[in-house]
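Could you have a look at this structure, given as structure tokens, before my questions?
All chains are identified by letter, namely A, B, C, D, E and F, in their written order; residue positions are counted from 1 within each chain.
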Amino acid sequence: MDPAMLDGFPEEDKAKMMGMIEAMQTRDSLKMYNNLVERCFSTCVQSFRRKTLEKDEERCVSKCCEKFLKHSARTSVRFAELNAQSMQQMGGPPQ
Amino acid sequence: MDPAMLDGFPEEDKAKMMGMIEAMQTRDSLKMYNNLVERCFSTCVQSFRRKTLEKDEERCVSKCCEKFLKHSARTSVRFAELNAQSMQQMGGPPQ
Amino acid sequence: MDPAMLDGFPEEDKAKMMGMIEAMQTRDSLKMYNNLVERCFSTCVQSFRRKTLEKDEERCVSKCCEKFLKHSARTSVRFAELNAQSMQQMGGPPQ
Amino acid sequence: MTPEQRDAAFAMAGQEMEYRVELFNKLVGACYEKCIDKKFKDGELNVGENSCVDRCAAKYWESVAIVGQMLGAQGNAPS
Amino acid sequence: MTPEQRDAAFAMAGQEMEYRVELFNKLVGACYEKCIDKKFKDGELNVGENSCVDRCAAKYWESVAIVGQMLGAQGNAPS
Amino acid sequence: MTPEQRDAAFAMAGQEMEYRVELFNKLVGACYEKCIDKKFKDGELNVGENSCVDRCAAKYWESVAIVGQMLGAQGNAPS
């Protein structure tokens, strides 16, 4: 969201909006955490002969997580660029 | 939801309920939009040698979308019929 | 959530929190219902030559559902144990 | 009706609506997977797809009832 | 602005944000499936993965626009 | 506690609960896929399925901790 959108709103509204954004971010990061575990567990863990992770499963979960975070960070840069581009070209994102 | 459910409620409650339904519909249509893009992109786009869609990928995304919307429209007619049927037979939908 | 967390809150707050928990449980059980139907339907129903379930499809949906509920019940016992364990060891669950 | 009862009625109606919408969306998704040819040569549903979709919807509905009975029998019926 | 209008503006801004976040998450998920090698020998993205991710994001974005046009044409454009 | 602080405490407790429920649901789903035979001849879990489920739950839990550490190290720990 463009923070400029909030210009002209009374201070208490801005505070409310900021609270809303913050709550959404907390919720999304918790959701992302759960999704990441599910994704890497499903890809990496295949054997159930023991009740602790095998060394290579542990390594796989950790690399999977690292790689996903890097992928996500790179994508977020591209996403911002694409967003900015379509703002210029069409006066707004595709919606 | 059966609008008759709202009979007997004060006017301001009806308005509140209508607002609730409207907000839900906006949210659902945005969600459906996102789901549709994800679905058709995943089915149709396979090559990443260029950063723009190939002609056949573009056509595929567009046909995929058209077909999904037609499928969804037909299903919604069937859904309403099945709903009406089970209201009659059992005094309510399976729940 | 640990109900002890509510100690020291005024009565009306406890009531509000309990209401929140209840609403969440209703929502989750409805969501679980929908997920279970989707899961067992997708696994069990393969033929579309008739508009009613074949005898073996019906049996499959029913066994699938029974098995999922048993799996879920067992997992919930394990989940509680793991939760309790990590509370002891680390003063809190992994988060 | 007290304000609390009214709030509860609203909350229940909202959850009921969400359940219905979710049910519909899952039915659409499941029958799309089962019935629709993913080659997308054409934007129209053909005869076979159309009748598959109709039967699929009816069979999904029957499955909802079966699962509902099972949940009810186990005492965790949603309502 | 009346309080009702303000509430409506808040609700709309909230839904717009949720739509954006969801769009981003789905793009990340789709391009992860398309581009990332799941052997996880290494925690780094290699050159091929990096350029695949960039192109994938651009193509996903183009798909958003196509689907948006189709929805608009059918009169069920989300906004 | 001011009313604002109380609202914030409620919101946080709600999000914490949602996180827990979601964690449980994903664990159930993941271990169902890994451990349960989908032929459904029987409605009972057999010995092999039971022990697979127990180990799967423990391994999932371990994975939650690993991912949590990684997120923490990167400064995007959820809490």
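Operating definition for what follows: a residue touches a chain if its C-beta (ideal position, glycine included) is under 8 Å from a C-beta of that chain, and two chains touch if they have at least 3 such contacts.
These numbers were taken from a predicted model, which means no experiment stands behind them.
Touching subunit B and subunit D together: no chain. Overlaying subunit E onto subunit F using CA atoms gives a rotation of 120 degrees, to the nearest 5.
Over half of the residue-numbered contact pairs at B-D are shared with one candidate from B-E, C-F or A-F, namely C-F.
Taking the mean of C-alpha positions as each chain's centre, the chain lying farthest from the centre of subunit F is B. Rounded to whole angstrom, the centroid-to-centroid distance between subunit D and subunit E, based on C-alpha atoms, equals 26 Å. Work out the mean CA point of subunit C and of subunit D, and you get 18 Å between them.
Separating the centre of subunit A from that of subunit E, both taken as means of CA atoms, is a distance of 11 Å. With centres defined as mean CA coordinates, subunit F is found 29 Å away from subunit B.
Each of the following residues of subunit B touches two or more other chains: 32, 44, 62, 66.
Within subunit F, residues 18-19, 35, 54, 58, 64, 68, 78-79 each touch two or more of the remaining chains.
Taken as a contact graph, the chains are arranged in a single closed ring, with each chain touching exactly two others.
Beginning the circuit at subunit B and passing next to subunit E, one meets the chains as B, E, A, F, C, D, using touch as defined. Only residues 1, 5, 13, 16-17, 20-21, 24, 28, 32, 43-44, 59-60, 62-64, 66-68, 70-72, 74-76, 78-79, 82, 86, 94-95 of subunit C touch subunit F when the two sit together in their complex. Remark: subunit F residues 11-12, 15, 18-19, 22-23, 26, 29-30, 33-35, 51-52, 54-56, 58-60, 62-64, 66-68, 70-71, 74, 76, 78-79 touch subunit A in the complex.
Across the interface of their complex, subunit E is touched by residues 19, 23, 26-27, 29-38, 40-42, 44-46, 48-53, 57-58, 61-62, 65-66, 69 of subunit B. Residue ranges of subunit E in contact with subunit A, taken from their complex: 6, 10, 13-14, 16-21, 24-25, 27-28, 31-32, 35-36, 38, 40-45, 49-50, 53-54, 57-58, 61, 64-65, 68, 78-79.
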